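Right after this note come the structures.
Each of the two complexes below includes subunit A, the first together with subunit B, the second together with subunit C.
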Partner chain A sequence: MDNSAFPLSARSRRRPFFRLFTIPAVLVAIVFTIAMAAILQYSVRAQIPGSLDVGGFTLANFSAMLRPLYARVFADTVWLCLLTAVISLVLGYPLAYALVRSSNVAVKSFILIATVTPLFLGEVVRTYSWIVVLGNTGFVNSVLIKLGIIVQPLQLLFTVTGVTIALVHVTLPVVVIMLAAAISHIDPDYERAAESLGAGPLRIFFTVTLPLSGPGIVAGLTTAFAWTFSAFATPQLVGGGKVNMVSNLVYQLGFANFNFPFAAALCVAGLLLTYLSIFLMRLLLRPMEKVGLH
Partner chain B sequence: MAKPLSHRMMGWAGRAAVVAILGFIILPAVVVAIAAFNDKALLSFPPEQLSLRWFYKAMSYRDFQTGFQNGLIVMLFSSSIALVVGSAFAFVLDRYEFRGKKLIEGLLLAPLVVPHFTVGLGLLILAAQVSLTRTFTVVVVCHVILVLPFVLRSVYISLRNLDERLELAAASLGGKPWSVMFTITLPLLMPGLVSGWLFAAILSFNEFTASLFVTAQRTQTLPVAMYNYVREYADPTMAALSVIFIVVTAALLTLANAYLGLGKVLNVEQAR
Partner chain C sequence: MKRIFVASAALTAILWTAPAFAAEKLVISSWGGSWKELIEQTVVKKFKADTGADVEFVTGGTIDRLNKAKLAKGNPESDITFTTSHVGWLYANDGLFETLDMAKIPNAKSLVEQAKISPYHLGSWAYVYTIVYRPDLVPADIKFDSWADLWKPELKGKLSAPDFDTSHLVAVAAKLEGADAANWEKGNAKLKALKPNFKAYYANDAASQQLMQNGEAPVQVMLSMNAYYIASQGIKVNVAIPKEGAVLGIDTVGIMKGSKHSDLAYKFINALLDPDVQKEIATVKKGSPVVTNAKLDPDVAKLPGIFTTPEQWAKETLVIDHKLRAEKTGEWRKWFTENVIN
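What follows is the complex of A and B.
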């Protein structure tokens, strides 16, 4: 908006509240930075067994991560994150589209509440729910056995499939919201124009709607990746030690082995890996992200 | 113009897909509700006899009670602090240009990408160095950092949709900055502020991974108590508690949607 038309535009130069409103946020940013610095500092220290204090500087924590046992967990984690992000995108798109374009207010509200509620439920409740659904005496197996489709219960808990299903359920809401934000910014006139020129619904979707929602797709994929990387209760409880992610390793080293330096080093490596993956995804998807919103 | 049959069929296929995906999202909640009312201690479908005993057990379990109280304390402090800090900074972000703006914003939004276990471990190490482990302070600080991005975003979106000319009009009529803030800006921002606070409160109350790192027996929040319960017991007490969680959260969000318009706050529909 153009302020110059108003005589009091000088107000913005005096910047009322500037300091008062900035200082608290800066303090929070500083505490966060110190906490991250503490991790960085611990990651290059030696462990003193049986103590929370740390020894001298060393890079042993990082070289230990190259051992197959740990390298495997990193590879599995990245794979699970990618898988979860892509499935969330595929399932999230139709829902986001319906959320934005449905003309029925009740339908819109229902989709919104149903999608947003799990987002706020927290990992424990959702993970527990999936144990009840996927367990050997759980819902899916009971129904399939009652229907006579299977005789022996399917092993769904403690498998990559089970963990992926639960992880997708965790990331789906946030992907839907990011896609919906992007789709809601697309002017429906573009779609109408394509339709009036004779394009069918599929063609309109793939040549107009989908490309224009590119930035939302990139944001959704990268966020889903980062959130999955952050998941702990899901791989811990649904994976049951059979499917391990970096988060589980960090917790185990910190609280079972009291090796906080190694746990910190895993955090640092995990963080680097998250940012590197997001950077690479962005690089690959750059043509999509560049699409203007209007 | 009537749409051809193939287009209508595609419409139906799309609707069927949406219903199926919604089913996937809702399924666990429905299944947990069925399990919670089952009288048997072991999971079994369908339940043979219904009862409320697991709800009584969930309500009377000691760790859940203290977890609930601890969670409330942490939630009230962290969401209120995050609301004040976040909305103040959202105002600055929206109105002013200054050096380091991008840096501070980046640091405050980083917890959306930095894994919660990393934030938790970092604060645990920090707390150990200043002798604050096992205190509520470290839990509250941790939650403020984690929920701040959500307050920042929802208030920022409301500020973007706010017509600044109203403030300028009040100022031109002689309103001092503080009185313009309290009579014009804050009332107009109310939906963003309330939903920002609500998001922060719900997220704090339900936060688990970072809390697992920074809480001790004495400061354990409800999700941590629930996690410990699931690891030890398999009876449907957790299912009963989950049902309460799901119902309360869905009810709060439905209210928020009715009164504040969640769609606008989440930026999934455009303010016109």
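What follows is the complex of A and C.
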């Protein structure tokens, strides 16, 4: 709609509570901006050992990030985020598809409950349950040993595998919900048309349904990626200090080392890296997104 | 009429003799969970009986509370703060603690030397970070008489230690190399050699207890009070005191500068150092008393990590200077992260 057709006063009359309802959002935005400004300010200050006060301006915090340890944690974080996003997509797509397309109410309800319930549990509770499941004497190892498949327990805790499993559990519900929303917007007539032209179920899926769900796939991938980037409790507990992500480093530097300036610099770098990664992902996935905007 | 007069007189007498602090409230900053419960069950009970004053808790993590205190400098949220000995120095360095008037804490006369941390904060109970192990999951011939036993190849992939505070192992490695925490670099090579034995690093007490309970890390550099908690849950764990001494930890208390209830705060600290309260703390949570006149039950007194004689305090503890620790924790932690964890 061309807004110029309505002068401001006319628009205000059409939306009488617009300004009033915007106030909370503006206040929240102001608070977040102040918080971000504080972090930015801390990131360029020097640490004073033995004190929480900060010293003069410096860029040393950013140059310190180029050291192999910190560069590796950034690389590990990006890798874990990608892995989690892709696995969530691969596992989530069939679930979302069945959720939308199944005509069986019981199946729909089961999928919905199974995928959404984890959202109502805290991240810490979910993570602790994974510690119980993945441990040396946990569910997975006990079953595999009893079945005679393995003799010695598999090392799942404190490994990238264990952390990824737990992270996927955190992101899967969100990815399923986003994909289900995208799939539900696909007009079934497209699929019927393909079927009437002789396409089989697999061809219909790969040439019609999957491309048309592109926006959901892009949204799911980028959300899972960004969400995982800020994961803290899961890598902290399941990683056991052996698998570290940026947020764990921020915590360690701030709360164990009292080095708030360096922790703030890591926050800023992490935020920039998230933006950059999502920008690149969207650039790569743009063709898929365009196809889906039917 | 006579009955009413007698009742009125009695009521007046009760009100007259009631403690003068009855209407006041002391705000205590402490950790939450079992730590808050410990303070409530022991010190607060005595404090309320002595003064009639009420208390309110503000709980949170060690550094969270320090940050909040910094933001509220001059108009503190709490009157009393419990914190660790070295973080107490951060409060003191930032001018958040009041200089204590020891004349107002008569019970402090019995305080052991190791608990006189600074003119601003005093020990409230003690514990050790030491070697704790599950005898059923560790080779029987390893007894942990020395910290050097942690380096034995048989313990490959069995060890865990806190990742939030690496000062214990830094000080131990230096000691094993004939140095002290001030010359911690001398233990660096030794500490790097311990890397293969680590299974995981724990981020909090709960994670430490879980790693011990499920056997993932059956040997730990662990808080003695946590070890006794696990033992109370039916898990057989041994608490070793190596010949070099167990690393002493002291939780402390200080009065916030700007407190409006300073007199009550002094009474609270005095109640904390009361020998019976100290005995209770040792009984409930197996924290070592920090006064010399607490009479512990023999079953509690004999536990490793509980010190009742000057000889025990001297021989069984490895003390890291608290101020040095406050200044060096960051540097030690950074070195440990770069060279051992990763």
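The definition used in the following text is that the second predicted complex is superposed on the first by the 277 of 294 C-alpha atoms of A that agree within 3 Å, B and C clash if a C-alpha of one lies under 4 Å from a C-alpha of the other, contacts with A are read in each partner's own complex, and residues count from 1 in each chain.
Keep this in mind: a contact is a pair of C-beta atoms (placed from the backbone, for glycine too) under 8 Å apart; a residue touches a chain by one contact, two chains touch by 3 or more.
Keep in mind it's a predicted model, so treat the numbers as computed, not measured.
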Is this a clash or a fit when subunit B and subunit C both end up on subunit A? clash
Quick check for you: in the superposed arrangement, does A:T137 touch first (subunit B), second (subunit C), both or neither? both
For A:H169 in the superposed arrangement: first (subunit B), second (subunit C), both or neither? first
For A:A25, is the partner it touches subunit B (first), subunit C (second), both, or none of the two (neither)? first
Is it subunit B or subunit C that touches the larger share of residues in subunit A? B
For A:V160, using the defined touch cut-off, is the partner it touches subunit B, subunit C, both, or neither? Pick first, second, both or neither. neither
Which holds for A:L95: it touches subunit B only (first), subunit C only (second), both, or neither? first
When the two structures are overlaid on chain A, which partner does A:G254 contact: first (subunit B), second (subunit C), both, or neither? both
Looking at A:A199 after the superposition, I want to know if it touches subunit B, subunit C, both of them or none. Which is it: first, second, both, neither? neither
Touched partner set for A:A60, first subunit B, second subunit C, both or neither: neither
For A:A269, is the partner it touches subunit B (first), subunit C (second), both, or none of the two (neither)? neither
Which of these subunit C stretches, 204-212, 240-248 or 294-302, gets into subunit B when the structures are overlaid? 204-212
What part of subunit A is shared between its subunit B contacts and its subunit C contacts? 52, 128, 131-132, 135, 137-138, 237, 254
Listed in rising order, subunit B residues that touch subunit A in their complex are 6-7, 10-11, 14-15, 17-18, 21-22, 24-29, 31-32, 34-35, 42-46, 84-86, 88-89, 91-92, 95-96, 98, 104, 107-108, 110-119, 121-126, 128-129, 141, 144-145, 148, 164-165, 168, 171-172, 177, 181, 199, 202-203, 205-209, 212-213, 223, 226-227, 230-231, 238-239, 241-242, 245-246, 249-250, 253-254, 257, 262-263, 266-270
What residues of subunit C sit close enough to touch subunit A in their complex? 61, 63, 66-67, 70, 89-90, 93-94, 160, 163-165, 199-203, 207, 210-211, 214-216, 323, 326-331, 333-334, 337-338, 341-342
Would you mind writing out the residues of subunit A in touch with subunit C in their complex? 47, 49-53, 67, 69, 72-73, 128, 131-132, 135-138, 157-158, 236-237, 240-242, 244, 252-259
Listed in rising order, subunit A residues that touch subunit B in their complex are 1, 3, 6-9, 11-12, 15-18, 20-22, 24-26, 28-29, 31-36, 38-39, 42, 52, 91-92, 94-100, 108-109, 111-118, 120-126, 128-133, 135, 137-139, 142-143, 146, 169, 172-173, 177, 180-181, 184-185, 200-202, 223, 226, 229-233, 237, 246-247, 250-251, 254, 260, 263-264, 267, 270-271, 274-275, 278
